[in-house]
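Think of it as A, B, C and D in the order they're written, each chain with its own count starting at 1.
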Amino acid sequence: MSILVNEESRVLVQGITGNEGTFHTQQMVSYGTVVAAGVTPGKGGMKLDGIPVFNRVKDAVDNEGVNVSIIFVPPPFAADSILEAASAGIGVIVCITEGIPTLDMVRVASFIRSRGIVLIGPNCPGIISPGKTKVGIMPGPIHKPGTIGVISRSGTLTYEMVDQLTRAGLGQSTCIGIGGDPIIGTSFIDHLRRFHRDDTTEAVVLIGEIGGSAEEEAAEYIESEFNKPVFAFIAGQTAPPGKRMGHAGAIISGGQGKAEDKIAALERAGIRVIKNLGSLGETVKESI
Amino acid sequence: MKLHEYQAKEIFRRYHIRVPAGEVAGSVDKVIESARNINGPPWVVKAQVHAGGRGKAGGVRIADSLEQLKQAAKEILGRPLISEQTGPEGKRVTKLLIEEAVEIERELYLAMTIDRSKAEPVIIFSQVGGMDIEEVARVSPEQLMNEHIPFDMGWSPFVAKKLAYGLDPLPGPNTLKELTNIISRLYTVFMELDCSLAEINPLVTTKKGDVIALDAKINIDDNALFRRKAMADLDDPLEKEHLEREAAKYHLNYIKLDGNIGAMVNGAGLAMATMDLIKMAGAEPANFLDVGGGASEEMVTKGLEIILMDEKVKAIFINIFGGILRCDVLARGVLAAAEKTHIKVPVIVRLEGTNVEDGRKILEESDLKFMVAKDMNEAADLVTRAVSITV
Amino acid sequence: MSILVNEESRVLVQGITGNEGTFHTQQMVSYGTVVAAGVTPGKGGMKLDGIPVFNRVKDAVDNEGVNVSIIFVPPPFAADSILEAASAGIGVIVCITEGIPTLDMVRVASFIRSRGIVLIGPNCPGIISPGKTKVGIMPGPIHKPGTIGVISRSGTLTYEMVDQLTRAGLGQSTCIGIGGDPIIGTSFIDHLRRFHRDDTTEAVVLIGEIGGSAEEEAAEYIESEFNKPVFAFIAGQTAPPGKRMGHAGAIISGGQGKAEDKIAALERAGIRVIKNLGSLGETVKESI
Amino acid sequence: MKLHEYQAKEIFRRYHIRVPAGEVAGSVDKVIESARNINGPPWVVKAQVHAGGRGKAGGVRIADSLEQLKQAAKEILGRPLISEQTGPEGKRVTKLLIEEAVEIERELYLAMTIDRSKAEPVIIFSQVGGMDIEEVARVSPEQLMNEHIPFDMGWSPFVAKKLAYGLDPLPGPNTLKELTNIISRLYTVFMELDCSLAEINPLVTTKKGDVIALDAKINIDDNALFRRKAMADLDDPLEKEHLEREAAKYHLNYIKLDGNIGAMVNGAGLAMATMDLIKMAGAEPANFLDVGGGASEEMVTKGLEIILMDEKVKAIFINIFGGILRCDVLARGVLAAAEKTHIKVPVIVRLEGTNVEDGRKILEESDLKFMVAKDMNEAADLVTRAVSITV
């Protein structure tokens, strides 16, 4: 089992004719993802490696029965693309785009949350259920089917962690990059709940970083409800306050969002926090 | 992006949020000239640098005469202001704000920001103004009022009333009306300019019933600058460290730190984790540098050049997990940089991911000496070793 | 039993110090309504016939535990008052105000519906559970406790109908004026569902008028799910098209909203439609 | 409140929705003068009255020469235009709109209104333009596209694209771009001006790729006029029947009808039901008049006066269910009106509710003759009787 996406996901690529959209469509297809349609307004009717392109998400839903969407659309138009997908009835939307204005995301979050739509991202690598489907930009080969769930605010740091897990012989049920922006569609908790219900998942790796309080909230949830082992890593212990560390959401401001506070909260909740970047794979292996 | 106080006050004026009469000056002469246009003495002089704790650091003075004003301006202008937030080297003051003094009755606090967990804007109001709001939150959290503005509610005047009528004792009707107006206008500023923070601390009331923004702080959401050109134009490049300024030209995510191990990484999370690893290995990171998930050969070259400009750097750690950025591209970028600049410090390279074999091969076949690490643990060892050699 | 309001309702009056607010507060109190608090910004601290007045709804909720609100606030500020009550956690809000801009109500409806808050009105006489509580401006004495539920888009026409019921010896469980505006907080269907679940209510009188399609929608619902007798009256058979008949919502436009279509839809659904204004009381009495 | 076509087009121009070049004229001379400023012949002349079916009624003409234009203007100006929507007496035309003729490629339909059931604005778009949209809805509903704009979504450009890309065949890229722009601007017009309807029928495309609003209809939400003063100022009082104009002065809800039984009622629903009762009693209602739930004595007097101004009225039915409006207040108002005017027609009064006894007593003790009904059934009988006597 896996959560949110699997081999039956029929994926739509919004912005399929852009450079990134085209490149990652090919990557997803080689991984085995069923990319059923693409959307670029004005390019409707063309085909890209045999994948039909439509002008509107509605047409892709009506004609190809897509049920998951991945968005490669520049920041000024990305929120609109999310809303188009959500309005067209797509229930799982992955937004890769980095650089969406925060107030656009205030609007999007209000809209999708009140309608029960799952938005992964923005500013994220996407989601992969190894061996089944990849709806994202992560390198496929480092993944391996298995029983570890991974949730992360980061991109390459997640690849690093997944790679360690795979090398340690630990496969993954589903790996989700929830995104590095201040406002993202789903939180650690949203996916922890899903892993909680997912029988295949035996343990979860949670990769956090400075900024916000998502890790503290996750710690609270895990302590009160989550009954599988959780391993956490928090990036940014040496980050100075008041500086945005690459991710729009990775900033310590007003004394909030420090790595040490997050680590303390996680440890208080009984969660094993890995301090040494190189040792995650081995630590998880030894512990479960 | 942070605005200066005087820029934020200019915006407030436009939105009819009252601020003290004032002018900006870049020289002592101009300070004196400005003072003649402004009601006084006394006057208030304020250093225009992005730094909290200006007052304690001597960046805010009250002058009771032109003499005192001149003296104050001389002492502040052109010198570094060293506050708890600037670091030991401080920030050079090039602009002063001269303002009329305001007779204060009460000092309040008003701010608007984004509540990340709720994904909603939130207005924060307190009857304890003029001091650090984090301090208030810690010491007397009951003095803080929060009102969220859900997107599907939008601005509703009751929110301003709810906050204003939370004051104890309640001010007079005029002051209450002014307060609710200012709260509503601050909301407009925030939404119309894509702010990430808009803060007035203190917001003061006077005996006459006026409500005045004595200080002003506005941060603009960097992601929204493409649609807020007027705000982007207010950016003061002098506020950035010179290497950061250089990096910004190439759209590199670079932050200067105080250590001696330079780091070049792809991806923000991995870059932070790499800094942490350097620290755990017994060294200090010299910088944060994320060349981006999809960096080009040129960006890698530029990134390396900028690290090398930092004279404190005694070793460089290149940590790449190739996803979108292919390891062969990275390797070529490193070689290009090495050819242009003269790398005299040890370089530790750790490559993983897409086309890793090609990348390693390119590096190994070059004339340059790299220490290549196979995994993070090996990289950590090499960093530790580099530190023990260089320090 | 009754729906929505009863003797345990603790009522807040928003706009209590205005002429209408004060007058109807006294009327409600004489009927037996527990008016626990009033709100008028700037008048906090005063008392009106012993009822404490607050500046903010929040204070009335915190201090007096009010759970139902009735709004007598002029049109430009009424939407704001509804939102204040809704944000303060009041679950049943009655808005008497006539003349609220439609786009204000678009906003209010979106807000309250997604949060499960019941808004009765605007532009309505309110709600009364005879013998228990009156949260409205209807004349109390014409009502009588009993088993008939009444839902109406009108004011005085409702009084007329209720008066006939009472004279015919038929009491009412609850009478609700849902309001005469194009956009109102709750529909016929919303309250029909409540009467459906309310054991006391044995039959329902539905008073409609021209404009919109609320009656047609109610007919469909009644036919498919509602199992108690329903009697309907539709005002406006002689109303010319394109003219607003007093109520902002009572207009036949674009060929839609005609009385004859509503009557036809109701009759198709097997509902007894009373044509003669004077005969409602007797008809209901004979039929049940 | 309805705007005239020329007013709506003026607004569209301001919002960059393209309309044909045109001018308004109130006299034949001005028509000719205007024509000289407008590209032509041919020109299009359009009667500016609030009435659908103007075209069929001869209110829209094409003139191929100044002669024809003069002729058309003479035939339309100053005369009543009788369309299926005006009633048999028609509406006198006092203004003409003279426009350039547009070479039409395709006729589309675009409108925005409020979906009452969903409580959301909705945009309606169709590739069948130029004909009655209700007709299209009836005959080929598949030609209608609807897009709702939930408040918590707000304007999102995809909505315009979704509609424009629904056309078959698809227009060229320029036309598509223009179309999406116009849809987005129509949304802005609707929201910024508190419209209840904004309609463009037809919206035409030209071979050059232009998209032009050939007709324009805007209705403003009456309840929002207090905050749309500029719109309220556009109200044309001549469009109202003269008694309705009179009633509006006193904020009375009065609508003139064709029958002979005047009716004065408190409450809109009861007023409509009373009209229906008059009809069922074998007569025809002369008016709708709702004096309001909380009417004053003065308003009752004014209402009665206005009914009496209608010469067709042969009997008056006063139907009051006292709630907020007390029956004694009503009775005094009726007496006041009777004293001022000379009531020569039978008056049937039916009072119920608050202070009903006082009210009845006041009426009975007066010098005037009223037929007092105890309930609706008795009232209906009295109306029937009045009709049989007077008709």
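Note that in this section a residue touches a chain if its C-beta (ideal position, glycine included) is under 8 Å from a C-beta of that chain, and two chains touch if they have at least 3 such contacts.
Everything numeric here is computed off the predicted structure, so don't read it as measured data.
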Legend entry - Other chains in touch with both chain B and chain D: A, C
Inset, instruction - For the pairs B-C and C-D, output the one whose chains share more C-beta pairs in contact. - result: C-D
Inset, instruction - Find the geometric centre of each of chain A and chain C from their Cα atoms only, then give the gap between the two centres in Å, rounded to an integer. - result: 47
Legend entry - Whole-Å gap separating chain B and chain C, where each centre is the average of the chain's CA atoms: 54
Inset, instruction - Determine the centre-to-centre distance between chain A and chain B, using the mean Cα coordinates as centres, and give it in whole Å. - result: 28
Legend entry - Two or more partner chains touched - positions in chain A: 107, 110-111, 114
Legend entry - Two or more partner chains touched - positions in chain D: 150-152
Inset, instruction - Sort the chain contact graph into one of these: line, ring, star, complete or other. - result: other
Legend entry - Contacting chain pairs - touch in the sense defined above: A-B, A-D, B-C, B-D, C-D
Legend entry - Contacting residues of chain B [partner chain D, same complex]: 151-152
Legend entry - Of chain D, residues touching chain C in the complex: 85, 114, 116-117, 119-121, 133-134, 150-152, 191, 194, 196, 221-224, 226-227, 253, 255, 257, 265-280, 285, 288, 290, 293-294, 321-324, 352-354, 375-377, 379-380
Inset, instruction - Using the touch rule from the top, collect the residues of chain C that touch chain B in their complex. - result: 41-42, 44, 55-58, 77, 79-81, 83-84, 87, 107, 110-111, 114
Legend entry - chain D contact footprint on chain C (complex, rising order): 20, 75-76, 99-103, 105-107, 109-111, 113-114, 125, 137-139, 142, 152-160, 163-164, 180-183, 187, 207, 209-210, 212-214, 217, 233, 235-240, 242-250, 254-255, 259, 275-279
Legend entry - Of all residues in chain D, those that touch chain A in their complex: 150, 152-154, 156-158, 161-162, 165-166, 170, 173, 176
